[in-house]
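Have a look at this one.
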Amino acid sequence: MSVPSVTGTLVQIVGAAAAGPLLIGWTRQVRAKLEGRQGAGVLQPYRDLRKQFGRQSIDPIGTTMVFAVAPSIMAATTLMAAALVPLVTVISPADRIGDMFAVVGLLLLGTVSLVLAGLDTGTAFGGMGASRMTTILALVEPTLLVAVFALSIPAGSTNLAGMVANAARRGDLVLSPTGALAVIALLIVVLAETGRLPFDNPTTHLELTMVHEAMILEYSGPRLAILEWSSGVRLLVLTGLCANLILPWGIERGTGSVLSLCVATAAIALKVGVLNGLVASFEVVVAKVRLFKVPELLAGSFLIGLLAVTASYFVGSQGR
Amino acid sequence: MNHIDLIIPVIAPLLAAAISLSVGWRTVTKWANSLAAVTILGTGLLFAFGTRSRHVELFGGLLRSDPLSSLLLIAIGAVGSLVTVSSVDYIERELSVGATDRSDARQYATLVPLFLTTMVLVVLSNNLGLIWIAIEATTITTAFLVGHHRTRLSLEATWKYVVICSFGITLAFLGTVLLYFASVHSGSSPADALNLNTLVRRAGRMDKTVTRLAMGMLLIGFGTKAGLFPFHTWLADAHSQAPAPISGLMSGILLSVAFTVVLRLKVVGDAALGVGYVRNSLLIVGIATLTIAVSLMVSQRDLKRLLAYSSLEQMGFIAVASAAGTELAFVGVLMVIVGNALAKTVLFIASGQLQSIRHSTLLEDLNGVMESSRLLGVSMMIGLVGLVGLPPFALFVGELSIARAMVNANLVLPLLVTLLLLLVGFVSLIRHLGGMLLGPRTADEATWKARPSVYVALTLGLSASLFVGLVGSPFSNLVSSAAAVVAR
Amino acid sequence: MTDLQSRPVEAHRKEPRGSRPLLVGTSTILVGGLSIVLGIAAMSGGIASVSISWLLPFSGLQFSADSTSGLFLLMNGAVGIAVGTYSIGYYRHSHSGTFSLMMLPLFLLTVIAVLLAGSVTTLLLMWELMAVSSMLLLLTEYRKKEVRDAAQWYGALTQLGFLAILVGTLIMSGGSAGVFSTLAITSHHLSESLRDLVFVLTFIGFGSKAGLVPLHVWLPRAHAEAPGPVSAVMSAVMAAMGIYGIMRVDLELLGHGPRWWGVVALSVGAVSALYGALQASVATDLKRLLGYSTTENMGIVVLAIGMSMLLGGYGQYELAAVALVAGTYQLLAHAAFKTLTFLAAGAVHSATGLRNLDLMGGLAKRLPVTSSMFAVGALGASGLPLGAGFVGEWLLLQSLIHSHFGSSAPLEFAIPVAVGVLALTTGLGTAAVVKAYGVGFLARPRSKGAESATEVGLPMLAGMAVAAVGCLAVAIAPALFNGVLTSLMTVLYRGVSVSPPRLGAILSIPGFAGSTSPILLAGSTVILVVLAQVAISSFGKTNRLPNRDANLWACGNGILGERMQYTATSFAEPLQRVFDNVLKPEVGIEVTHYDESHYLVERVRYSRTIVDSIEDRIYRPVLRGFLWGANLVRVFHSGRISRYLALGAAGLFVVLVVSH
Amino acid sequence: MSASEFTTLLDLVASVLLLSSVIIVWRRDYGAMIKLLAVQGVAVGGIPLVSGIYLKDLQLVVVGMMVILLRGGVLPWVLSRRLADETAGSRETKPLVNTTSALFVTALLVMVGYLVTHPMLRRASTPETRAIPAAFAVILIGVFLLVSRKRALSQGIGFLVMDNGIDAVAFLATLGVPAIIEIGASFDLLLVLAILVILTGRMHAKFKDTDLDALSELRD
């Protein structure tokens, strides 16, 4: 466990934790501009967080520990993911602790805790959000795993560092049939997982359409702040992962110098920024699909992932 | 050396019958009947485990005793003892409610030991003609036992019983005649041309076509009494209308006794015609019998008919099993016979108790047995476990041995078919009997009390089956050597 | 799913019943202890083979044990101890018969005997004894119709399975008593087609015990209707015996077979896993849900075994070992978490009289310990990290990902499908346990029974605690099982030297990249959660405002009623809609019109019941076919003597014709 | 007795056997049927009697006398006792097969009898064995009667015809089975017939009819 590798990991964690809200602000700002609005500025999420943290915590009557702990689990799993996903460096010591399955599982664990919190309130909204979220997550997971599977075959490993390193080494992974298909599938899933359009509208409070917001309707104060912050970090981590799989350029690959770390950080910031800008623009032009259309979308992405795997067997078999 | 003791098991029940006929239904009658049955059991045990040679003959080979006949004597004696003991309670109960009168009781007490005599004679005869006479005599002695109740239904059952059985048995006589013809023409002396040993010895030289015809007639003819297709149609009616102890005797042992005749004939047939003919006949007849039995069990509504068809099922099963023809197969067959005899007798005795309380044999009327009498319910439950071939009872050992033998004889396909049919029977039995025993009670009545003698009979029957199924020697040695008698 | 009416709380009806539960519980614990001792002895190779010729006439008994038996013995023992402790408390309240009570330790004894069986005939006898004793256990509350129905289904399918095993193993042994040690050699001399037949038959037979689709139909019924401790042993121990059989006969004794064996096992496992998970995710009866989850998990195990067979067939023994370890580990995990969840479900039933999730709710407050126990078990069942089910699934995915089947294109397609199926299974399984815990234990009570529940007694809690410790051990300390699994490999892969996956603090597979560390994941996550909690509460502190209780948001409509909560049915509705084509729910719409006019509707009644569609599609037609055939025979037997005589005459003619 | 006389006598016996059976199928009047049955019984007994005289075998003569007594006398007498109590009419009113078809079937059965017994003739062709086909046809006609008649009494008659046929086969093929067996079998037959007659009586008392179609309450 060398100093540079530990530094890289720490940079990742701290950076992700710090920049999560910024990313939310950025996407909102992009949307506002594209919709012809002024927008609240990219730093608005930080201001929101400060306000929320200053508020009094409220325990809704009848809720249990689950409700109280869920935000913390959400935050903890998100941070774990930030540590495990190679955003800045591929030589992280955390890499051996958990591979892609662990990351997927951890994120799922966070979502599950939120679902339970939604059920714990015993309101119709909480139950509704929980039920819808459960349906989505049950369907998201296969797609996610198949996409990961596709990408891990050329890399020969399910550890993310290995996958990203492989992408960096090959350079043209995203252009190969496997890579392209897998990344498309992965992107669709990330949108679903992070509650973006067309799966969930992150800004809605209409009971007919909301999913994520319905579950956290009873939260307020510091707990809500933690939740909002976590979802920002999540978005960052997942889009960052996608970005690095598509364009692994600039990532730290073991030289260990301060310069290369800085370059890597800048690169990932740029990549995430651009990617999310694209996502935001995409969100402007699409509408949320009906809840019962969601499975179709996910089935489609599952199929794409499956094709990616098959392609990887036939195309990638010479490479192994 | 003259083994005059061979006629003891024939004489003892005859004496009992004479006593019953002369004095009617009295205490001495009851004792005499039970004693006669116990004597059969005792002589059976003596022949089987005594010090002298196990193969002996009497009257120039007319009667003989070998391990197979000893085993069957034991079975007849055991079932007979259980039945005669429980008959006491049965008849007393009927007398007390006026369901029967004293003259019918006398008839009953006379015919039961006569029936035992005829079965013993079948088992001990070594002459096909004598066997035929004895088998036909079982029909004669049981006709009025089946018709004991003199109701319209029992009359119907008796008529069918007598006509169908006589028809079938008459064909067996034709077969006997034809075999005699073949035997005489192969050089046997007319006096012992029908002696089974002679038949086996001469089999090679007998005319094939005539023998085939004769064997066919004999199989379906004696198969009648064993409840085999196509003459199985009398069975359920007779068993369901007969008084419960008689059903127990018929279902538990008469069928098996008749079946061992088929087994002994199989030896002759195999020697004369090669293994194919009898084997295929047994397979066809056995599977047909099984199919019919389980089909009629599926939606059966009458307890005694259900039990009767279960006997039919067992007969079909052992017919198929006999096709394998090895010693292990016959070991299995004999274990099935023993296990079925004990379990079936217990269940029939218990169902007699149920019938006398609820005045019905319909399953829907006999619900909630466990609730009404824990002891009766539990013994029927164990009887059921023993009947469907679950361990640790004798039938399980039988099924296991049969499966082994049939695999060994490359009869995997018939085995699979048979087992699937048995599965249908299994499901029907646990469905109907399970529901009857465990289901809720609709009748409003106090807890039942039966006589201790009934419980003694039930307990003895079950423990015997458990012992036979679990522990090996000395009983298993007897079964092995009995199987060796008819094995190739 | 079916009984929406609340059952009266029968649990408290009977008075405590003296020392008998204590006796039963203690003897169960003792049998469990015996099993563990035997297991350890077998593991260390210390059990000499014994043969008893005077029992079981004509076949004799033969006992021996190796590490495969040892592993299952240990598992059986551990479950026995947990269940034994639990049942001391449970039977004190239950109204079950004394007879079936006594069967609990006997049942475990028969399981031990199955595991020690050293010949085909011994195995068959013990297997059937196990079936009988489990049947009697299942019939504990025989007065209920559902229990009798469940017993019927169980009886029929277990007997079907037994017959398949009977024929299969006997073909393998060539009709002999079949001592295992010689069979392993002689079975290779069988012809190809016979070996195939053996495989198919034994796979069917053992699969029915493991509850694999389509022979699973007994399982949700039986597991739902049996008392809590019985469901626990049936699911954790008896279902695993099906896997034991597959391992013992199909892997060890039969040895390598053609590749399609592996494909069959793989497919059956995948279908079972998916179907079980799907049914579990829409079930509303808690124990039925857990029952389907057994099918799901056994499916995963068989999938792993199939994968192992396939990999072995392609000579990739390292990965084959990984797959086999994955399956075995999943089996261990299943034993731990399913014991726990069934015991907790039994505790809930005993405290509330409820099994229907739609009527539960609010139990986390009323049964705090039971609820957290259930949560631990449910986490294990979900397959998420930190839970008991994670390690097994991780290993299985690894073996899938690294497998490579050269030229076989169909397999190249099959593997990603298997991954997808596994993932979908995990997703649905997670949905199922989220529903079970979220709807059943959280929020507010939906019925009187749930409202008045009080925590169960100490023995039951202790029993659950034992199982919970097992769950934790499986979840975070796979290193504990390293030795056990390694020795298992040596038995099942005789003659092939493989290095099994290393299950240390970090899991890794020799020769392949990829690792994960359950213990570090769990540790750091827990630390982070604690830190986050501290952060939240310290922010609250700086403002010096204490937490405030507040009413739930009811759209300004006053207080929320219990009826406004989501139920298990409504929770699963979207999923059910997605899988409509598979589940085929029965929908009934009943419209009542006003008498005056047909155009005015007074009331519309809508009902939607989920039935087991396999039961509906496969079993009902088969049963109908049987009944139809039986009816033909019945109609022929019309009671007319002339017809009977004609039948006999026809027989006579056949004889006449055949004889020529 | 010369060999040709013996052959003629046996041929006569065979003709009587066959003819009586055919007429039994033809007739529906019980009285006539029973008389024919008695004739048939005498014919069956005639076989050992004739053979005994021809072979100068006293035992066969005795057996023949006994058979004539039993089948020609006792059994028909038992049946006719029953007939006397019959009030539902002394005719088989509604057989399952009408007379024309029945006769046609009988013709077929005679042919079958010849075909079946063909191998026995091949084996040993003596005057006795040449008559076997006729006896065999009688058996089959008996079976046919048993199956096609619906009244209790006519089933008894059919049964007896069949048994006569078998006994005839026995005597023709082998000059009879050993005496002890012949006696036992005859005794059995007598008892069975007695039982049938008693049962017919009871049936009559219960049902006021002996139509066997009424006997179909026992079924599943």
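Read from first to last, the chains carry the letters A, B, C and D; within each, the first residue is number 1.
Following the convention adopted for this analysis, a contact is a pair of C-beta atoms (placed from the backbone, for glycine too) under 8 Å apart; a residue touches a chain by one contact, two chains touch by 3 or more.
Since the model is a prediction, treat every value here as computed from it, not as a measurement.
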Review point. When B-C is set beside B-D, which has more C-beta pairs in contact?
Key: B-C
Revision key, fill the gap. Expressed in whole Å, how far the mean CA point of chain B lies from that of chain C is 44
Review point. Centre to centre, by mean C-alpha position, how many angstrom separate chain B and chain D?
Key: 31
Practice item. With chain centres taken as the means of their Cα atoms, state the distance from chain A to chain D in Å. Key: 99
Exercise for review: Mind checking the centre-to-centre distance between chain C and chain D? Centres are C-alpha means, answer in whole Å.
Suggested key: 69
Study note, to complete from the structure: Residue ranges of chain A touching at least 2 other chains are none
Check your understanding: chain C: which residues touch two or more other chains?
Key -> 634, 637, 639, 641, 645, 652, 656, 659-660
Revision key, fill the gap. Shared-interface residues of chain D (touching two or more other chains) are 116, 119, 143, 146, 155, 212, 215-218, 220
Exercise for review: By the touch definition up top, name every chain pair that qualifies.
Suggested key: A-C, B-C, B-D, C-D
Review point. Taking the complex as given, what residues does chain A use to touch chain C?
Key: 53-62, 64-66, 69, 71-73, 75-77, 79-80, 83, 96-99, 101-102, 105-106, 108-109, 112, 115-116, 118-128, 130-132, 134-135, 137-146, 149-150, 152-153, 155-159, 162, 217-218, 221-223, 225-226, 291-292, 295, 302, 305-306, 309-310, 313-314, 317, 320
Exercise for review: Enumerate the contact residues on chain D facing chain C in the complex.
Suggested key: 96, 112, 115-116, 119, 143-144, 146-148, 150, 155, 212-213, 215-220
Review point. In their complex, what parts of chain C are in touch with chain D?
Key: 634, 637-642, 645-646, 649, 652, 656, 659-660
Check your understanding: In their shared complex, at which residues does chain C touch chain A?
Key -> 281, 361-362, 364-365, 382-386, 390, 393-394, 397-398, 400-402, 404, 412-413, 415-417, 419-424, 426-428, 430-431, 434-435, 437-439, 442-444, 506, 512-517, 520-521, 524-526, 528-533, 535-537, 539-540, 543, 545-554, 560, 562, 564-566, 570-575, 577-578
Revision key, fill the gap. Within the complex, chain D is touched by chain B residues 127, 129-130, 132-133, 136-137, 139-140, 143-144, 147, 150, 152-153, 155-160, 162-163, 166-167, 170, 173-174, 176-178, 180-181, 184-185, 190-191, 193-194, 207, 209-210, 213, 236-237, 240-241, 296, 299-302, 305
